[in-house]
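Next, two complexes with chain A in common: one pairs it with chain B, the other with chain C.
Presenting the complex of A and B:
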């Protein structure tokens, strides 16, 4: 087949089937992404204590959880404590990381100082170092310093990698920021602080919010680092891990589904806040 | 006594090893329109930024009225800037953009009659400063002034628009309105018309000049466009390589350039180098076999140059009896709109550009023809630099 014939054949194929092929491919990608989650949600309504086989619809696991009964070895009180720990760690981590991460991003963007390139490179390290290395090194550090492991050390550990995520995202936003706007504000009589408040911050706000959301997810999600440094406390991922080791129970599915719903609500709220000027 | 709004005294600015501005001094009279004109990289924008406070002079002093302002922050200076990129705040409406300066200066209430006339209008007081961090207040005073300035720039209905909804020309006017609303002592404009198309730019040149005369505010305007400078300015400061080449009115700059750079940069000119000599009748410059009568200059001597504008050169019979009269050969022809431009070669090989109106002399000139050309000594400006 000559090249020109091949081209004709290809363009005809594209014209006749291109759209369908693209739609099918897109469909597969989404199936790949969402089928496992759908299965988990479905099984949280499955009327079976152990099997991963569909046995009929029930809401009994949800009712049991909300009334505080243990379902298939999952103790709701322990799950609740684990969730509380996860939330406390994530919230404190995000607040501290956003504050210091934004400040670090501003410093790296604005100032030329000795060691800036080194510092900028080092910021990315926690994103690259394997979590397991991070976990071990933090464990060593806390042991040497003599800090008792628990929620506090977990927070410190999470901040150590969360600052990087916030910094990287805010820095990206700052690099597309037009500095002339700040000059204009100061020219009009705004002090440095007023300029930051009314011009810089509103314009880098999407970066800060994105950094906070990612930082929250990273902290809330983290298993490996937390596992090394939290001592005998539980976070939700560690609690789940303990449960799943003894087989998947409907209780795990229920809690995971509820977390998913909670996450969606948080994201919806965050998007609503994005539109409002601080 | 003449009052000066802006005064630069021996100002230099170094960035590391690079000299951006070198020993520049000038004064801008109250209510005048001064243009800093020069090619890119000549230091004109740096000079403007030193007046605005975005750069600190390495040497010399900057004065606003009688106050030395070297060490004042941009927000402490009673200057407003119109930026080349407009720098309108994208997250605020047109009205909010314009109101911003008034709000940050603590208007209304905090500015008293006593400091109304001072150079620094930044209102002090901890409570005011704190309030401005929590919220930006609107007020009737602010609304009135925003509306008034919107009418001034002929966009009275635009207060609630988003910046992204405006055309380039409208953004330009809003940037101007935002800078004017605080009633600055001096308005600084950094190539504000650079981003507009030719027709709009022409219109805005006239409007800006009218506005400046109407308001009586001192303008310091930066441009690399000589035509813009000649159209709008009371005075032009021509800059090159960080130095001030010449300060004068448009006519002075054009008719009496002080240096080869100015003669060459403003309009079109013929530069002829040679040896200067004075005699009883005046002065002359000799280039090879030809001697040109030129305007005498006190500081002139040795090898220097003179400038003769293409439109000052007369042709044919018109050239007879002038101080300078030569025969020349037409070697090239350039058309530019209604103007016929020709390149002629003198006996000594020197080439000159001459203008003529096509309407007058149609096909009077053609390549290869020998013609007579001439000009008055008073039009041949001797250049000592």
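Presenting the complex of A and C:
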């Protein structure tokens, strides 16, 4: 078999330089992902009111915010209230959606019934549909039903999309485990509840925890859906969005850095307790 | 064993509990009721609103006499055009917009709303392509050339930004591209361009979209490449393929499910984006997402906003369906 010169040449090129080129490209992607975040964190220590050009190191913005003083429209007390609202919404949402989502996942895994595919399609829909469509449809719905908008309506909306995340993750876990373990437990005389408590539950627990974590992140981080259905209340993302719209300032840099570091600590803790959860 | 009510057997409660549908119904009911009432019903309400009309004072008229397709007509049909003309004008404009070096073959313009829609689809397409070009080689490198230990770390570093707040990351891009910001000064120092406006342009929106969504391309592509057995490439090369051939005819086709999944995961949110164009784009970069939001805010036209939202949703599902069919029904979840 004769190999053309071009092939020899390009093969040699790929063998000699392919790996280096790919490594460079990989490095570039990581720079792309992390440089903006690093710049933002660095600028939160920047001794300048314009917040963009580096003018020396300071912790004055942190000190001011932690002592409750507002800097350039950024009021830490409002941020605090917004954070509390976000946490309340996320916790209630996660509890309800983990319960409902796990039940639904069990049903989808265990039973064959008419409309199963339809139901599964509906479960995937909130993951696919643009958030803005979900947000305004809920806004119109609450309007027509006459529910006053606030934390409550935000929780309702969040549960509506979080159920899907939990269901999909728990379902994946259920489908990957061996049903004969349950049958063995039953053969050995365990009741349905005992089997569930001592066999099924420990096996799907990682899935449930992963679902809960993702659900929490989705709820805590959600801006678009919440924006339309929370009335005049604030969550952390909504508060943050309002500040960002007004422009770049040292106060926003500090809040952004704190949100980022806070989230990363929580993920690190979750990883430590649970192993890799994504 | 047939059992009627007169038999002495397990109590009624036990029998209800043991009935084959009881477990099913109990497990399904809470979630399905929630999804029906707070997800499907709102979509139906939105559809209903989209048939309504805006009154003279911004109120929504939903009486029977007002219902019709007028919002959809406003959205799609330019003044005085027939349906056929509308289709031609829209397609012609899209050709002029998407195909380089070709100007709009029709003399008329489609409605501003249709232009917005095309612009959003354009943003979504470019975001998907850039993410693919950026993400594929790096996913390949991590899956094929990195050691097992490093793979975990490298992939965790891709997932990490996804867990960090979305808005914070958009803000980080805002800082990066701001006047006198890092990129701005870097371009000036390197003598490429001085005093160039980066923020509040289409470029900033595009940059932000890629920044936020590129992990969604990398992860599925990595997952499909990682499962791929390198011996297949060796076999191809034993049979006379060179490296490029073995990539082109073995690796690439086998990684297509990942590419399809990644493209869907990137395309859908970037077409419907609202936050990124709002924070990074200028007045001229309005997208459908921004337009819909405006109808429920300052512009105050709920029926038109509902119609636009419904159109956006239909286009998404249409694209998803076409893409999955075209790619042989890849399972993306």
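Convention: the second predicted complex is superposed on the first by the 269 of 278 C-alpha atoms of A that agree within 3 Å, B and C clash if a C-alpha of one lies under 4 Å from a C-alpha of the other, contacts with A are read in each partner's own complex, and residues count from 1 in each chain.
The rule is short, and it goes like this: contacts are C-beta pairs under 8 Å (C-beta built on N, C-alpha and C of every residue); 3 or more make two chains touch, one makes a residue touch a chain.
Here the structure is a predicted model, which is why all the values come from computation and not from measurement.
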{"item": "Superposed partners chain B and chain C on chain A - clash or fit", "value": "fit"}
{"item": "Partner, of chain C and chain B, that touches more residues belonging to chain A", "value": "C"}
{"item": "First (chain B), second (chain C), both or neither touched by A:128", "value": "second"}
{"item": "Angle, in degrees and to the nearest 10, that opens at chain A between the C-alpha centres of chain B and chain C", "value": "90"}
{"item": "Chain B versus chain C as contact partner of A:118, first or second or both or neither", "value": "neither"}
{"item": "Contacts of A:181 with chain B and chain C, given as first, second, both or neither", "value": "first"}
{"item": "Touching partner for A:228 - first (chain B), second (chain C), both, neither", "value": "second"}
{"item": "Shortest CA-CA distance between chain B and chain C [superposed frame, angstrom]", "value": "7"}
{"item": "Set of chain A residues, in rising order, touched by both chain B and chain C", "value": "none"}
{"item": "Partner chain C, residues of chain A touching it in the complex", "value": "1, 3, 7-8, 10-11, 14-15, 18-19, 21-23, 25-26, 28-30, 32-37, 39-40, 43, 50-53, 99-101, 103-104, 106-107, 110-111, 113, 119, 122-134, 136-141, 144, 156-157, 159-161, 163-164, 167-168, 217, 221, 223-224, 228, 237, 240-241, 244-245, 248, 252-253, 256, 259-260, 263-264, 267, 276, 278"}
{"item": "Chain A residues touching chain B - in the complex, by the definition given at the top", "value": "178, 180-181, 183-191, 193-194, 197-199, 202-203, 277"}
{"item": "Contact set on chain C toward chain A in their complex", "value": "23-24, 26-28, 30-32, 34-35, 38-43, 45-46, 49, 134-135, 137-138, 140-142, 145, 152, 154, 156-161, 163-176, 178-182, 211, 214-215, 218, 240, 242-245, 268-269, 271-272, 274-275, 278-279, 289, 292-293, 296, 302, 305-306, 309-310, 312-313, 316-317, 320, 333"}
{"item": "In the complex, chain B residues that touch chain A", "value": "52-54, 73-75, 79-81, 83, 85, 87-91, 100-101, 104-105, 121-122, 129, 132-133, 136, 178-179, 182"}
